[in-house]
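One chain, chain A, appears in both complexes that follow, with chain B as partner in the first and chain C in the second.
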Partner chain A sequence: MPPKEKVESTEQVLQAVILADSFDERFQPITLETARCLLPLCNVPLISYTFEFLAVAGVQEIFVFCCSHSDKVKAFVKQYGKQSNMKIHTIVSQECMSVGDAMRELDAKQLIDTDFILVTGDVVSNMKLDRVLEEHRARRQADKSAIMTMVLKKASPQHRSRAVGDGSLFVLDQTSKECLHYQPVKAFKSTKQDRRMTMDMEIFKMHPEIQIRNDLIDCQVDICSVEVPALFTENFDYQDIRSDFVHGILTSDLLGKTIHFHEVHDVYAARVRSTQMYDAISKDIISRWTFPMVPDSNLQAGDCYEYRRGLVYKEKSVVLSRTCVVEEKVVIGANTQIAESSVLSNCVIGKNCVIGANVKIDNAYIWDNVIIMDNCVIQHSIIANNAVLEEGVTVRKGCLISFNVTIGAKTTVPPFSRLTTLPEDEDDDELVSEPAVVGASGKGRVFKEAEDSDDEDEEEDPKNKAVNRLAYDLKELALEGQDDSASEFESEASDDEEEAVNPAEELDREVSATLERAFKDGHSVDIAALELNTLRMASFSNFHEMRKRIIPGVLRNIDVTAKPGSGKTTKEILARWGPLIGRMIHDEDDQVDGLYILQRSCASPVVATAVFTPALRYFYDNDITEEDAILKWFYSEKSQQGSDMEKQLREKTQPMIDYLEQSESEEESDEEDEDSE
Partner chain B sequence: MPYRKRVPEFQAVIMAGYGNGLYPLTEESNMPKALLPIANQPMISYPLSWLEASGVSDVIVVSLNSGSKKLGHYLDRVYEGSGSLHITLEVVDDNTGTADALALIKDKIKTDFIVISCDLLTELIPHQFLDMHRSEDPTVTALFFEPNKGEGGPSGSSKIKDVTQYVGIDANNSQLVYLNNSDVMDSDEFSLRMSLLSQHPVLNITRLLQDGHLYVFKRWVIDLISVVSQKRNMASIKEHVLPLLVKSQQQKVLADREGVTKVMEAAMAAHPSTQKLALSLSTTQSPENTESEKGEWKSPIKCKAFVAAKDVYCGRANSIPNYFEVNRYYTKITDKVRNPGATIQVQTQVGADSLIGEDTKIGDRSSVKKSTIGAHCTIGKNVKIVNSIVMDHAVLEDNVKLEGCIICSGSKVCEKSTLKDCEVGGGFRVEKDTNSRNEQLVDFQEQ
Partner chain C sequence: MSLNKNELVDDLVAKLKRRQLVGSSAVSQATLKLLVVVISKNNWSTANQLLTLVKSVGQKLIQANPTELAVGNIIRRVLHVIREEYREAENDKTNTEFHHHAAPLTTSSSMYNLLGESGAAQEEQVQFSHSLRSNIIQEIRDIKIELENIHENIKNQAPLHIHSNEIIMTIGRSKTVEEFLKMAASKRKFQVLVAETAPSYHGQEMALELSKAGIETTVIPDSAVFAVMSRVNKVILGTHAVLANGGLVAISGSHMMAAAAKHHSIPVVVCTGLYKLSPLYPYDEDSFNVTMNPDSVLGFEEGDLIEKVTVTNPYYDYVSPDFVNLFITNQGGHPPSYLYRLIVENYDPDDQTFDL
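Here is the complex of A and B:
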């Protein structure tokens, strides 16, 4: 390697691209009024965490790619850029609808000329990227087709910062650190494809040992080469970076590109993908898993949190009344006042809030300038800036209360409500409040999600959406869904059934199909017997099982009312197909068993009862069953039990038995005679 | 020393099968598979000494009817009265599968048992393998190993069928959760149940591992085999029993339907596990898998896979190429005298990687390289033997050239014959000036 090149590569400016938009609607209606990346997470805008993370990684130049509310993002970035060593640019593109669009735009603008770090504007992580970058560069040196390195964090499948609805499954090769297959995992697996992991067998040719991972947190931190945006341009239908791009690259034979991974342990990495993740990550920050990104390290200029016992973080200017109780895991922003007897636990409260007396707040996220009057109860919800809760309001779990909403006195907001003050129609200026929800003196309406009328062909299970919401409860959802059997465990059971068909039933089906074919096409007995024997061996069955199916199968074809010559009389059918039964009967035990089956099948509705005696006769005449077996059958207990019908049938054979016994005793006496001679 | 009656921890069953892959070596005229020599030692002596080293004393050798006499004779001769091993020979009909054979000797097995094939040769230290069973208390522990690539040695005349086994092992607790063979799998798609992946989030799937045919089973598995075999064919341990147990780990429906749960519960009721009691009394042991959600069915069956480390030799002499490979390896490492009591002429060269049996005579100007020659052989002048196995009592006349051949016992190769990659059956006479490649030279009288 010429040394010159080496110098060059170390001197290169490390660039990063932040996608400020998430291109989904999970935080609506809050994101209707501000950008996703500016939402406060523990009172610090989300994107600050990402900036911090990149600064630690040694990034010198950042491009922030924003679409909706770009003016707000721009203003924030401008402000932030002043106090940062990094060069931060904003790229605005209003038309972008997906990650794919953003990447294409990036390619068109040709701003990037080296490998870069691609992250979303909602990543919270304290990991260092130097190892990953080193690995990635070494790989690129050796092999130009390694275009991307994903950073994946190991966790357990039930980890709280692993989004339930956004799980992902990776198939990896641990020796080459290559990612071989990617598949998203849904929380509720309603379709068959969702319930299985499926990949190409071809993978095994190149990679004899693979590892399937369902325990990785994918926080979408990728080291990309310059080819990545170009590939997005080439494949203009790629939207999502994982399910389209990664999947597309891995399944394409033509492109010949590879994607690698880097697994990290012992660090924190997560993405605020949904309100549920917002909740989880907030708690992780408060519990200091994300150290050094904790409230008391004051990421934001002007903050001055102090860290107190019981994971409580409090600004100096907070006014706490003498009797209010601040339990564990609480963050309280500057200038907030809390009145007498209020109880706070597991919550974040923003700046300049006024909280009245006797208020109970648990698990809630209250942003800046919120006024909460006396006797309110708030559970597991998010309340955005400038909201007002009048006296005695109860907010049940899972609510999102957007900017400026006022909830009138003594109102109860039902669980999972989403309230906004934006007028329903964009053209209307005037908000029509819904007093049923926000109370008589309230201001706001219930936000209705835009109907997904766009061209999304796959119908999303609504429960998979619900699972990403704040305060969701998997068990509750499972209960709701019981009627349509989409509950995971139930459908799992049915899947088992599907897969392992009951062998007995399968044999039933196969035998009757074979017999039918034989009758219809007029096969010879030899061929039919051969087919049935093959079937027996293939299904690991025995002759008893075969007899149980073949005897009734043959006798079923007999039509007692048919005229001779039609081929359907007892005699004709037996003459034609009796030998087939004979093929299934070998020794005496078989014969007795055959007779039981004959008796039972004639007593059941599929075969006419009148067939019994002629069939028995036929069996005897053609030596299918010998007289010993018949007698044994007749006197056995088993033949005398069973239904009345079966008993009647047995009695009908009495004359024949008499005849047999007679002849037998004659034989015996003959023998005796011989002996005596 | 008299055999002391005591309750053993494990009983062992050695499966001495026919060795379909080793035709024509295992023909009646030669010897049963279990007695084929590996580095001039009968094959079965290797698993027996492995068991001896593991401390197991109660060994049942299950042999098929054909060849059982020779095997019984050998066992009597060598192991009768030996202090540490108590061997019983059980003879079953030809064509009995391994699982069927277990069902037949059901009453003789009283404890958890080891099943080992007579063709497994390994340097695995026994307690390493058994300790996994002891500490984890699974239903079955199975040995898997990565077959040696070999050195591209002779492959003989046969072609082996290429069935790849896909083995899935949980990387966290080495639970065996997936088993499938390429011949029954979809050739385009590899598919797994999602629920399997949520239970086993880190799952290694490999096609490199081979089943070592060394298992430790719980006693009740034998009850299961006899229950299930009434319903359907349960011929083989590898093909039927192990897959059933592996599947029963996840599929409750299957486990219930096949009666696995019932047999297991009956066994548990009869012999309550002390492990469970010990765990409940333990103050340091936390319950396993606390994160599994309530209401989810937790299978009582646990299959473990022990994967032999790459530097530990494991080999199965179940086909001619494998037999060559195993023999080559053991010939190389054996610490026996290379040519005890053999008469070798001065001008004859015997390579250091070869082994010559007792009382074998080798004539002038011959050379033996990378080969194993049995006892009491007579080898003429100017004979070249490379990469071959010559069994006891064989006669090679002058100017014979062998490369990659197996010459069975008592056979005779007449002068000036040149054989390459051939197998010569027991007692066969290769005529003068024969020139063969890739052939099996056998007497056809018996067929």
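Here is the complex of A and C:
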């Protein structure tokens, strides 16, 4: 009875497949030199966490599927297999370009004969799979078409452990635990297609109650049946396990397969998909969310970390100088030395590092054998093995400094740089260093992403690539305010901005560009006003912000020394463009505000001070500001404070104020006279 | 054979590391079981070989989870037994100056250290007879029996300590305390207050068990411990470990309860098996603590919050010995000041650390 035997073997040997390749380039240039799954996460290779997770789940046999840098993965797995009581095999396939290819390869090799656990080599989780497995098996017994169970974890939408670039929408039926529909969500929803979700109406007919969820961490831990690799072979165009396979299976009427889910609580599960996730997961591990997978449980044989108060983990052989400060959330590997007065916070330092005096390291991930000399400052970056930072180097946020890079003394590495020592062309043997970036004595060059990488990327639209790039930016999430992140995404999507820019700066640039165009091309005031108003609405700004930029913008064009008729005199400019300012000013508050801005901008170096009184006069004459507003401005405290220059300007208006007051009192007295008459 | 032993050791190491095996009682029994296999299935001929063997296993186990102090205690007990057996055997063999050899065993440890050098050299040469191997195994079996009877021995003392109509307060869920109270309940009528012991809420489970046994039980929130303390007659605590100075490593909240009891001059009684008594000294309050997943204090789902706050969730408290009035062990009641004596009797001073 062959079938019965099969059931027995399911219970005897639990198999798992680890996809040790990520099939993307988010960690480049670091992953040009080693495999993604061997990158150290809190000083332990990533794949060790996955092995440990599977070992706890009771897996006895593991197939590690590796593509790039397979020799390194193989060597590591061989070493690891010696200490472990799991049987670990490596399958090498250089040609694989995607998860789909790997699954087809797996099907071709016919290695798996039971239900298996499919994970990627970068999963960090402390969950126990026994209940998931039980559920899956029970379902399989009842219904052969239930081919897969996905493990999902609930988290809030803004959660740091959710990958920004890899959002996903699940349509779920809680009663049958069935996943009904899946759709990936892009961070930048540029096209209408991205913003919409198309779902089969049948789903509503079949399921009385459904949930549409966007609050799940999908760490791609799946319990798959044997059919899954076979289905990949049948549908040879499937690449990704989620957006192609799950989506395809669920939308296909022909296959009649179902996919289920299991929602986990109170456990940790996440995947190191990007550098941003690397940062978040490192912090989760240090904050012990992954307990018992924490540095002081010494996953790696030979490690001997101790836990100290303030979430500091330190090997016994670390040498700390007396005056160095180890603040919160720090991991320090074996034999590392830290010299006097250095300050470390929120960082991971590898083995055998030498850190000089007066070094400040915040939020950085420094791997093994790195030398950092005196007075360096490192913020929110990753520095790979054997890198050398000479004296006084500053590394700004978001940098990836790959293996063996040397940065010369007193160099500042700009934010989001990616440096490598690999020659630009594969044919070239020698590296051409770029002294502009790495300093005179440095070694390394800026890494440029290949334009025409693999076809997988070509399929993706440019926006999605931008998401990839975004994921590189370690600080991206922190930069955005919690609330305006959604709107910023939209505004980003509207123009083809590659980097995230501070909205205020962006508005600055846009306004000045618009004004310049208007001046140069001689637009009418109406057109210029229309353009500026559109800009205001597009950037969710208000009139105050616009005034703040337009008033100095207009006044800057005035050349006090110009002769009349050149179109540059105060009078001419104001006559031409003054109405534009008028368009931005409405009620009395606006008028007062406009005056403050006028005062401030004339006091600053961009606008000549001589412009102030004529401009004020112009405002008054053309009813842009009324006399009440001028008086209110004059007597307000705000106008009397500020720099000396601003005070001087205010005093210059004294005659005008006198005149205004006089006319006002005259009016009043006139009225009184009339009354008395 | 050797492979088999190594596999067993690795298995236990992995279990300790992954915290699949926790709790002093379970851990100590597993350790003892492993040691019996290690000693009986390995080839050794001299005392030093055996000591080195046991020490190397012990080192691995302790490194796997240094906070399970009971592992170390059991290893030290076994090492002590081996040394004792060796000395006896040696005495039998030479059969001369019996009194001189017996004397150092009971005198102070520092004196013994002075003589240790020559002793070790002798140990090297002594061949164990076959009977000795079985003697050692027998001694270890005795320890095993002792472990199995610990609850029995402790709970039999219950009627001596709990009187009618008393109000007893306890915290957490300790099997020893549970048995102790149940035994007392069969003889006397009294009331128990259990602090719920957030965030693990073991206290709630404890209360459920006690009320099932027919004891009048009330669960109180941890915050009410001080307020209710004035009405309490006795505080009974369980513990994870007892340190050399008589301090406790007990579930978090114990320190607060003990301090409140001290404030009201209410006796604090600790029920513990002797296998929890460790010769290690707490140089740092945190040294034997475990910091757990903060999930039970602040849910991981709260994504916006967890970036901004640091949550630590220590599982144990260190309770200093001056808060404890009495230890009830399987060998009877002892004040904290007497513990040093028990340590000298049960462990060899050479075995503080397992450096080879």
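As a convention for this text, the second predicted complex is superposed on the first by the 441 of 677 C-alpha atoms of A that agree within 3 Å, B and C clash if a C-alpha of one lies under 4 Å from a C-alpha of the other, contacts with A are read in each partner's own complex, and residues count from 1 in each chain.
Just so it is clear, contacts are C-beta pairs under 8 Å (C-beta built on N, C-alpha and C of every residue); 3 or more make two chains touch, one makes a residue touch a chain.
Since the structure is predicted, the reported quantities are computational estimates derived from the model, not experimental observations.
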item	value
Which of chain B and chain C A:195 touches, first, second, both or neither	first
Contacts of A:329 with chain B and chain C, given as first, second, both or neither	second
Contacts of A:156 with chain B and chain C, given as first, second, both or neither	both
First (chain B), second (chain C), both or neither touched by A:292	second
Chain B versus chain C as contact partner of A:340, first or second or both or neither	neither
Partner chain in contact with A:572 - chain B first, chain C second, else both or neither	neither
Which superposed partner A:590 touches (first chain B, second chain C, both, neither)	neither
Set of chain A residues, in rising order, touched by both chain B and chain C	156-158
In the complex with chain B, residue positions of chain A that touch it	156-158, 169, 185, 189, 194-201, 203-204, 208-215, 488-489, 492-493, 495-497, 499-500, 502-503, 539-541
Contact footprint of chain A on chain B as seen in their complex	164, 166, 168, 171, 185-195, 197-198, 200-208, 232-233, 247, 251-254, 257, 291, 295-297
Contact set on chain C toward chain A in their complex	7, 10-11, 14, 17-20, 63, 65, 286, 291-296, 300-304, 306-307, 310-313
Interface residues, chain A side, partner chain C - complex	52, 55-56, 83, 85, 126, 154-162, 266, 268, 283, 287-292, 297-299, 304, 307-309, 311, 328-329, 482
